[in-house]
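In order of appearance the chains are A, B, C, D, E and F, and numbering begins at 1 in each one.
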Amino acid sequence: MRANLRAADALRDIRITRHYTRHAEGSVLVEFGDTKVICTASVEENVPGFLKGKGQGWVTAEYGMLPRSTGSRMRREAASGKQSGRTQEIQRLIGRSLRAVVDLPRLGERQILIDCDVIQADGGTRTASITGAFVALHDAVGTLLASGRLAESPIRDFVAAVSVGMVKGVPLLDLDYVEDSGCETDMNVVMTGAGRFIEVQGTAEGAPFSRAELDGLLGLAEKGIRELIGHQQAALGG
Amino acid sequence: MRANLRAADALRDIRITRHYTRHAEGSVLVEFGDTKVICTASVEENVPGFLKGKGQGWVTAEYGMLPRSTGSRMRREAASGKQSGRTQEIQRLIGRSLRAVVDLPRLGERQILIDCDVIQADGGTRTASITGAFVALHDAVGTLLASGRLAESPIRDFVAAVSVGMVKGVPLLDLDYVEDSGCETDMNVVMTGAGRFIEVQGTAEGAPFSRAELDGLLGLAEKGIRELIGHQQAALGG
Amino acid sequence: MRANLRAADALRDIRITRHYTRHAEGSVLVEFGDTKVICTASVEENVPGFLKGKGQGWVTAEYGMLPRSTGSRMRREAASGKQSGRTQEIQRLIGRSLRAVVDLPRLGERQILIDCDVIQADGGTRTASITGAFVALHDAVGTLLASGRLAESPIRDFVAAVSVGMVKGVPLLDLDYVEDSGCETDMNVVMTGAGRFIEVQGTAEGAPFSRAELDGLLGLAEKGIRELIGHQQAALGG
Amino acid sequence: MRANLRAADALRDIRITRHYTRHAEGSVLVEFGDTKVICTASVEENVPGFLKGKGQGWVTAEYGMLPRSTGSRMRREAASGKQSGRTQEIQRLIGRSLRAVVDLPRLGERQILIDCDVIQADGGTRTASITGAFVALHDAVGTLLASGRLAESPIRDFVAAVSVGMVKGVPLLDLDYVEDSGCETDMNVVMTGAGRFIEVQGTAEGAPFSRAELDGLLGLAEKGIRELIGHQQAALGG
Amino acid sequence: MRANLRAADALRDIRITRHYTRHAEGSVLVEFGDTKVICTASVEENVPGFLKGKGQGWVTAEYGMLPRSTGSRMRREAASGKQSGRTQEIQRLIGRSLRAVVDLPRLGERQILIDCDVIQADGGTRTASITGAFVALHDAVGTLLASGRLAESPIRDFVAAVSVGMVKGVPLLDLDYVEDSGCETDMNVVMTGAGRFIEVQGTAEGAPFSRAELDGLLGLAEKGIRELIGHQQAALGG
Amino acid sequence: MRANLRAADALRDIRITRHYTRHAEGSVLVEFGDTKVICTASVEENVPGFLKGKGQGWVTAEYGMLPRSTGSRMRREAASGKQSGRTQEIQRLIGRSLRAVVDLPRLGERQILIDCDVIQADGGTRTASITGAFVALHDAVGTLLASGRLAESPIRDFVAAVSVGMVKGVPLLDLDYVEDSGCETDMNVVMTGAGRFIEVQGTAEGAPFSRAELDGLLGLAEKGIRELIGHQQAALGG
């Protein structure tokens, strides 16, 4: 039985709070149940060196966890002097996922820097980050449109992400920390509003998984992401 | 004229929210107006190497700012690979301030690690951090008392902190970012419930200051800290 | 048309040379066409701190590229003082893939460290690394069996990996560098001898991909991995 | 009783030796009793990035201790790969203190870099550094005036620093290492020739201190700094 | 008795394989017995900052060892985040040795970067590196000549290197690992085709050595280097 | 003509001042003309990990330069976060040179750490460091003998070092900075009181050097080192 009597194919309570902090062009608190992430989007009127003069923009992301966002305190990465491999994997994934729905030439020679900072973790921090970051990105683009710096939005589609996994032989949607720790297979899926995949990352934590299990998990993820995009639309359009 | 018609000797709106996140033994959101800091206190049943076998505990602190807690995005310290001198100064100050009101032998051979993470900055982040961290520390000690690991509290007094400064010749209490940027003298004061000083750090940002100006600022700080301790008492006793 | 008139579903020339260098317990040169990786396996009679006293072993991996393994010289990571996010992603993937086929308690309290060093790169370095590292691991386990330190092998199955991708709408097996640079979707698949998945990592480099495309790529990967495992068996059993 | 029968309000023997080493534009050995610091001032015809084109100069400082300047050998910061928080606090303090008496626009677009290296430590290394660095700075400005690169000095006043502290209830001037280790309150004061404060940093090492104690320490510091400035004047004018 | 009945004044089997990998302008596998080093030479059309606009080129080198090139696995320098003092000494030596036979102004404003990566170590890795790197450098210059970017070669002479040492009172040429570990004196000598010295580095590992012993070792090294240059000439086809 | 009309085979003015600073077990200021180095020797009652339980001691060295010991200010290595290759070469050389005259088992399980810090540089800082460090080491051993921790000295012989070089075809002893910058060949020689070599490091900075030139330089170095050992004996025995 899942916590709060949740069904196997149900998301946790999803909340997306825009304008959460005051300085950033986009600032969102995203909550997937007890997982809470502050996602900000900052506009900078320059591009990284490798894009100078190429006539296009860039979207990149950084990710962090507050030391006590977790059950036992993690070492602060700023104090240890480097970001872990896990942190780097996640921030590369967030950046790729967002770039996949942005028309970079249409963004112009500027970049949008996404910061995803986990203030409370209960599984699914990377998928919550992607889902919230899209809304922050959308708001940052909104400020560019409002100020006339952009004439039309470079955002081509929605994007959201969710985790799915096999737990004791049962496929579950949107794993919390306890489920994630005990699952045999963990899969993170990033998908667009049009129902096409941006990333599929499945990992056998215990026993390897069959093609049929993979197919089942993908179906579950598609359902969850459609719902998450509904939450994004409600937050943005409502 | 100060923002919101605030009087020269008035604090900003102070809010102290306990149990802000779920995992830490103490977790507080402290707000000094638009400055918002998450302060957590984590109990660990060990002590740093230099204290092993000495029969006493330790309290230490780390400090960070989310990259977009500020008006323009700051570089993430975890990404640049080191903490700035400013960060290190502040976290050393927070640690010293809290240790000054804790009876370390009575704490036993364990440590309490304080994390102060600024999610929105508008001046006074270090004084808000100390003020909120005390409440988080108090809650962490509360869990030790409740679980029987401590028989009596090692906390000897309250501690809070405030900034004061000379702005265009006028002494002001609890500077916001705009005031702080324009002040001639900036002073951070850390004081106990008994009205005794733990730290006094006055710096001439512009013209050096006279003894009379110093005396005026100290009086203003004493008033502010008495009020902040009232807020702490209300939060803890409420 | 692919280089060397290769069919869309054909691997490049695969060569696995055991005992390539002299010191390591397992040492393999693996070649996927022009991609050449030295994979060594080193046995150490200790385990990482987090496993001490847990009655199990560990398998971990590190990955590197010689600076001029590539078309233009890359900066040496030892000189720049840190490993890139890409390097860390790859070495974590290699380690996870191998651990998935090893019975870690049966390995005993010792670890096997895999080093994959690319001496010439032409796409698919991570999949060649996994495929070659399995053979090096097998040889290292062989030395443990031969010396009586292990009574039976902890290796439960074969494991190999291959990349697949959509290039101009055509699904291709085992991409070389030119194909990889131009593909719309890139997928790395890690699979066991029993035909079950350990990792599936699909990324849209250009346009997002559909479920049908994903299914087609998975089928192609399954075919390629079966052949790669045949090469491993030939190398080991020959 | 203090070492050498020193009175509570007496400085240690102060010696300021100009032209101590040969290459720097200003080079001073400053001695506060057994504390010995080499202070050099180097002129560079450029400014840090954040000041380019702003029509003003800069003064900054670095601080270090030889590993065996202390009773037991300290780890060399160049070997450990980073400067401690204490080092960074001190060098920021030295820089701020000197900038407070320099008219930066009048200095022109150049910077003066101060290096304070402690060759023997017996308490008060930061206050000796500030006191000696001022003389080195003065000599460096002298070379600019002598060569015609500056028409008039940008130095507006003298600056010196001293420590004061409560030891067993008695306020003492210019603490040596033994006194500093045993004091209840430690205060560093930086003051100008005009008797105005640049920095006041008081810290309760043991019991918090009262306003009356603070007032007493400030008076003692003022007396000591007046004498130190006398020593600077003698060294420069003599 | 030496391994393989080698005479005291004999080199190990020397093999120099050109065009070993495909991307670099020069790529050589050099073998001194069981010591195997990949030496590549990369041409870059720029120079380091300190040479910009000086009308000359540069040759520099980097050196590394695969973690399991040695009998017990060494820590990967990219993972530990810094190059050891030994690595830095060796790469500085390789660079100096090659620059000594190159007419840098005639090379033009470009640099040739040498990478020496040891894939199997059995003593003498630095001398093998220099000897192989010269051939890689020669091939890189060949590509510049062939493409017309250089009209005449800037290489003025051959250069090779060998180790010699006193082992149990006997002077030996080209020490392998076992001999090197047990020698009283170890000397590395770098010499040109004209028989002049570029570097002589003799170190007493055990007892200090006499002038007569030094003279004997130098004679042995001269003999060995003449033979190594013969191998280079044969490899280059001369 | 050399500075101060110095003869080609003459040392600069040599001064060795013992007990230069107060805390270290050995503390020496060594001056070779305008090159001034503080050498301290610190005794620690432990050994590095690789020697634990081996029944022998260790001698090691670190080297640094004050940022403005040189004509133009060098970057502080503690600030840049790493020691240069040159620094590491020099400190390894100092350590090897001293260990060559110490009977490490007789030293017992303790180590002596040498710190050589250049306060003013004018060429020959490494040779001055070795020469001064020997005297500091001798004094540190003296404290061990005086306190009864050692019954007899583990020092077997004197050791000193000097540079020699070919400048415009003339062999010169003990090069100053100007001579060192312009020399064709630079050689550093480390020798014992018994006239045997510990290190010979000759480098062609310009044209390669002949065997006859090498022989001439070695003779000059032997003369200089005999004189330097005379200075050490006078300093210690006086």
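Keep in mind that, in the parts below, a contact is a pair of C-beta atoms (placed from the backbone, for glycine too) under 8 Å apart; a residue touches a chain by one contact, two chains touch by 3 or more.
Keep in mind it's a predicted model, so treat the numbers as computed, not measured.
K.L.:
Could you tell me the least number of steps, going only between chains that touch, from subunit B to subunit E?
P.N.:
3
K.L.:
What is the shortest path, in steps, from subunit C to subunit F when you may only step between chains that touch?
P.N.:
Minimum step count, subunit C to subunit F: 2.
K.L.:
Farthest from subunit C in C-alpha centre terms, which chain would that be?
P.N.:
Chain centre farthest from subunit C's centre: D.
K.L.:
Quick one: point me to the chain whose Cα centre is farthest from that of subunit F.
P.N.:
A
K.L.:
Using only Cα atoms, superpose subunit A on subunit F and state the rotation angle in degrees, rounded to the nearest 5.
P.N.:
180
K.L.:
I'd like to know which pair from E-F, A-B or D-F copies the A-C interface, where a copy means over half of the contact pairs are the same by residue number.
P.N.:
Residue-number overlap above half with A-C among E-F, A-B or D-F: E-F.
K.L.:
When the C-alpha atoms of subunit A and subunit D are each averaged to a single point, how far apart are the two points in Å?
P.N.:
51
K.L.:
When the centre of a chain is set as the mean of its C-alpha atoms, what distance in Å lies between subunit B and subunit D?
P.N.:
That gives a centre separation of 28 Å.
K.L.:
Using the average of all C-alpha atoms in each chain as its centre, how far is it in Å between subunit C and subunit E?
P.N.:
Their C-alpha centroids are separated by 33 Å.
K.L.:
Identify all positions of subunit D at which a residue touches two or more other chains, and write them in rising order.
P.N.:
Expected reply: 81-82.
K.L.:
Can you list every chain round the ring, opening with subunit E and moving on to subunit F?
P.N.:
Start: subunit E; next: subunit F; complete ring order: E, F, D, B, A, C.
K.L.:
What does subunit A use to touch subunit B in their complex?
P.N.:
Touching subunit B from subunit A are residues 21-24, 27, 34, 36, 38, 40, 42, 44, 62, 64, 66-71, 73, 76-79, 81-83, 87, 113, 115, 117, 119-121.
K.L.:
Subunit F touches which residues of subunit E in the complex?
P.N.:
Contact set of subunit E toward subunit F: 82, 85-86, 88-89, 91-92, 96, 100, 187, 191-192, 194, 196-204, 207-211, 214, 218, 222.
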